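Each of the next two complexes has chain A plus one other chain: chain B in the first, chain C in the second.
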Partner chain A sequence: MTTVKVSHVSKSFGEVKAVQDVSFEVYPGEVFGLLGPNGAGKTTTIRMMLDIFRPDHGEITIFDGKLTEDKKNRIGYMPEERGLYKDLKLEPTLLFLATLKGIDEATAKARLEPWLERFDLTGFRQQKVQNLSKGMQQKAQLIATLLHDPELLVVDEPFAGLDPVNTRLVKDIIEELRQQGKTIIMSAHQMHQVEELCNRILLIDHGRNVLYGEVAQIKRDFAGNALTIEGQGDFTNLPGVLEARRHNGTWNLTLDTGVDSQDVLRAIMRQDNVKLERFEIAEPSLEDIFVTVVQRAGHEEAANA
Partner chain B sequence: MRNFWLIAKHEYLKIVRQKSFLIGTLGIPVLIIVVMGVSILVALGQRGNLPLGYMDHTGILNESVTLSVPDRGKPPVAIRAFADETAAQTALEVNTIQAYYVVPADYVQSGRVQLFFLKKRPGEMAQEDFADFLRANLLADHPADVQQRMLEGSDVTFRSIDGKRELKSENVVGFIVPFVAAFFFVFAVMNAGSYMLQAVTDEKENRTIEVLVTSIRPEELIGGKAVGLMSVGLTQLGIWVLTTVIALLVAAPFVPEVQGLRIPWSFLVVAVLFFVPAYALIAGLMTAVGGMVTDLRQGQQITGILNLFFTLPFFFVALIMAKPNSPLLIVLTLFPTTAFVTITMRWAMTTVPLWQLGLSWALLVTSAVVSVWLAARIFRLGMLRYGQNLNVKTILLSLRRNGLRAER
Partner chain C sequence: MRNVIIVIKHEIRNTLGKPSFWLTTFLLPAVIMVFSFGAQFLSRSAFETEEDVLSGQGETGAVAVGYVDYAGLIKALPPEIPATLVQAFPDEETAQAALVDGQLREFYVIPADYVATGKLVAVEKEFAPLGNLGTIDILRYIVSYNLVGDAVLARRIATPLFSVETTAVEAPDSNANQDYGTRFIVGYGVLFIFFFVLTMSSGFMLRSVSREKENQTVEVLLVSLRPRDLMLGKVLGLGVVALLQMAIWLGGSYLTLNRGGSALASFGIFIESITLPKGFVVWGLLYFVLGYILYASLLGAIGALAPNTRETGQFTFLAMLPLMLPLWLSSAFAQAPNDLLATIMSLFPLTAPTSMLPRLAVGGVPFWQPLVGLVALAATTYLFVLIAARFFRADTLLSSASMSWARVMEEFRKGSKK
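The block that comes next holds the complex of A and B.
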């Protein structure tokens, strides 16, 4: 049984191929990450899932079938481009959106109270949405997504516009929802923000599947492809290294597939004026893995051309 | 259906709570009250409380001649004869009369009289009272009923040839109401159009739409908005009609023109029957426009042209008055956007045949349903082309490709 199944889906806007042959499945109770840089096709994929766009090719099923009106009530969607009635007060807006999802106003009201408290919005319930800060509107949008207690939560860039405190709050809520057995699909372009939450991911770039599977397995597969180095000297332009990034005096090196870390060590030691203080095989971040995969694909494409 | 009514209620409350709606809706009743108030004040002030004087050089006027003239709201002003001009002038200066007339010896031949006053000329009704006094004296030798008839004039009833409708000269309301209704309708239509356009483009601009279409069907959203707006229109109309009726009732004892007015019920029934689908039609059309554009400004440019299709009959007022049953007007009666205004204005001048009313109503209702249905599809198509304008070619292509099927 799958909560969402996307099979070979493509979508073009004029000449622009936004999504090309993307496939993935999301299972009940998991947190699934739809990751990729800006413009990769994540939002278009989500919009096709939710029947806002129709795919040109391919098939999508939600809760093992076509998306029906009843099924819509089982989904909570927080779009990337947040949408609330700016000229209405916060509480009536949230209640109205919740009632459209099939619950009565009294239930919505009872559920709203603890959410407002948790998000520190109780004092703003009678304020017009346009008078709330961007962060508050973001939190209000999340309440609107959760108020009808959906089984499937689709959140597009959930941490955009949030400060670190609220980012942590939202992460905690996602974790709680996972524990309650909810299925969560979230998209993000800043992969480090979601990798700790996701069970499985789809990395997407230029509208195509790049990497798909369990986060732990992917990290295991790509272990050894990343090095952490500290010391003095030039660690760029080493053979077999796809990317070398320096952060707080530490170098993070991403290796090409099949490159032995010991060969890199030997290459470093062959250099003059190098003083090595630390050489460590690192667990790669999703960002590192993404860079590896994308650059490898670029090399293959160049070789085939 | 539940979501349909939720949207309708939401849209209704959202609009009626807006300041612009309150100002637009209550502004007209306030205007009516002010106009009626001024009319009452003018009517009260027109006679003045002081008597009128006169000096007669013809020798035919008799101060004691009085006739029961048609009621003009208050008893006629008292009229006093003066033997010479000096006495009349003195009375005027000491403020015992408001003015005096000098009736020359050749009055019967020339019809000329002179009126003398100090600062303020006597009101029109006071002057009318003196004119009645002159007429009553000239008719003094005739039987009382003849005198009465001469003073009151005739009460003409205008009957259509088939005898189904009539218009009494005293019932001017039957003539005026349709024209006023036509103006109100146009005002309401333009209001509705701008509200609807704003409602649809607002949700596209603030992105609420993405949340809404993942909760409800486009038909529910658009239909609900149309019904909500229609309710707004009816509320507006109800307030206007109610205020007008109350104002007329209050003004009746003071303003003679208002007395004896009869409410043209048949017209009101027809007006309401046409108003509702006409409102739905404009709502549908505006939604379609809102669905095609990405922001309000673009939509407003198109709706300016659309409004013309509703106001077109006003360009033919002269024709409506001269030849209310001309073929062009029959076409405008049957054409959905022009039906309401044409029928209401023709109603004042002629009897609109039943077959025209029936056919026009059927066409209007059909076009209203089709417009809302089509608007939902265009709106849906606009969603599929998120952030891009739609052109007519794209819409037609898409509708043809989908065989006019609903884009769920």
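The block that comes next holds the complex of A and C.
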């Protein structure tokens, strides 16, 4: 049983191929990460999933079937471009959006109260949305997504515009929803957030699947591709190294596919002005993997051009 | 359907909850009435009309018109001009003395070469550029009568625009006999109300769609509603608002006419003589509803295509132009409500919503004309709704591409394929 199944889906806008042969599955109760650089095709994929756009090719099933009007009421969607009526008051806006999701106004009102309290927005319920800060609008948007108690939550960049306290709050809520058995699909740029929350991920680049699977397994697969180095000297421009970043005196090196870490060690040792104090094969972060995969895809595209 | 009803309620609540709606509904007619009636009151106090002079309601009871006829044209007065209304003087000095004594308000000098030049000289106690508008017409009429020797022909020379003669083939319609002033105010009032309610309510549609695009609310809505359901909800919700506004304006007009009867009577407009023809309300409702759906769909489509309201200007103006034409030609409509121009415009679907109703209010329109106009309007509305729906799609609603004619054509082609 799958909550979402996307099979070989493609979508073009005129000459632009936004999504090409993308496939993935999302299972009940998991937090699934949809990743990719800007313009990779994430939003188009989400819009096809939600029946806003029709795919040119391929098939999408939601809750084991076609997306019907009733099934739409079981989905909560928070788009990247936040959308609330700026000239309306907060409470009527949230109630209107909730009633469109199949619940009556009285139920929506009853459910709204605790959410407003939790997000510290009770005092702003009769304020126009345009008078709220960006962070408050972000929290209000999340309430609009959750108020009808959806089984499937699709959130695009849920942490954008939030301070650390509210980021923590949103993470806690996502974790609670997971424990309640809800399915969550989140798209995010902050890789450490994805790493912390997601069970599985799909990385899309140039509209194509480039990486798909469990986060832990992916990290194991890419384990040989990252090095942690401490010492004195310049560790940039080493052969086979895609990226070298320095953080608190420690260098994190991302290696290209097929590059042996021992070759990198030999290259460092050949340099006269380097003093090596630590050389360790590291488990790569999701961010390192992201950079590796996207850069590799870029190189392959350049080579094919 | 449930969500369409929710959108209908939302649009009604939202529009009625805005102070701008109530301000426009009540303030705009008030401002226009102050300007139009106020101007007429002021001008009324500044000069008397032909009818006042003819009825002997001159300001001081003095003889209204004196003249010195050097051309020797005036031999007799037309039968309907009382002898006490005009007085001949042998020369300017005598007339001047009568003016100073207060026996005259003004006098005219008809030069010997009047027939060649057509020029009269008016002599008044005080300079009043508009003060002789009524009396000069009388004098010209008297001169014309003496030149052509026929009262009917002389009147036709004086007012050539009223020379159209209509012959009723059915039982005479009492409305067709309304005088010009009454006809003008009824026709203009109906035209004005229909024009403003149609443009305003269609404008609400444009703003509503644009606002959801600009606020990016539309993406959230599209997960709950199909684009066409969203359009339907908006058209119906704002249609209810438009009907409410129409009711307020028509009710307000009715009250104004009833309460302001005596004031209007001073303009020669008698409320008792205003009787709307049978079935006017039904025709009015049908024309209004179809006209509203047509223009709301059109402006909704423009809203769906444009990234914001600022880019809709020229497209909105062109879309609404047919509704404005009858307003620009309102004077011609009131003077000759059943001539060729008014008839064509009231049968042409895009101008019909603001053209047919003023004609019906004035009366004398053959039954087949509103019927044919309505059928044509219904067919065009249906066509425009289909066209608008082609533009009202998820990809256009989510697009921030600029508005241009090329894009309109491109999106129309895309919409045709779907």
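FYI, the second predicted complex is superposed on the first by the 295 of 305 C-alpha atoms of A that agree within 3 Å, B and C clash if a C-alpha of one lies under 4 Å from a C-alpha of the other, contacts with A are read in each partner's own complex, and residues count from 1 in each chain.
Here is the rule we go by: a residue touches a chain if its C-beta (ideal position, glycine included) is under 8 Å from a C-beta of that chain, and two chains touch if they have at least 3 such contacts.
Since the model is a prediction, treat every value here as computed from it, not as a measurement.
Superimposing the complexes on chain A yields a three-chain arrangement in which chain B and chain C clash. In the superposition on chain A, A:26 makes contact with neither chain B nor chain C.
Of the two partner chains placed by the overlay, neither chain B nor chain C lies in contact with A:162. Within the superposed three-chain model, A:4 lies out of touch with both chain B and chain C [touch as defined at top].
The clash between chain B and chain C in the superposition falls on 4-12, which is one of the stretches 4-12, 130-138 or 148-156.
Shared interface residues of chain A (contacting chain B in one complex, chain C in the other): 13, 47, 50-53, 72-73, 75, 77, 79, 81-86, 88, 96-97, 99-102, 144. Remark: chain C residues 2-3, 6-7, 10, 13-14, 211-212, 215-225, 394-395, 398 touch chain A in the complex. Note for the complex: chain A touches chain C at residues 13, 47, 50-53, 72-73, 75, 77, 79, 81-88, 92, 96-97, 99-102, 144. In the complex of the two chains, the chain A residues touching chain B come out as 13, 47, 50-54, 69, 72-73, 75, 77, 79, 81-86, 88, 96-97, 99-102, 144. The touching residues of chain B, when paired with chain A in their complex, are 2-3, 6-7, 10, 14, 202-203, 206-217, 383-386, 388, 407-408.
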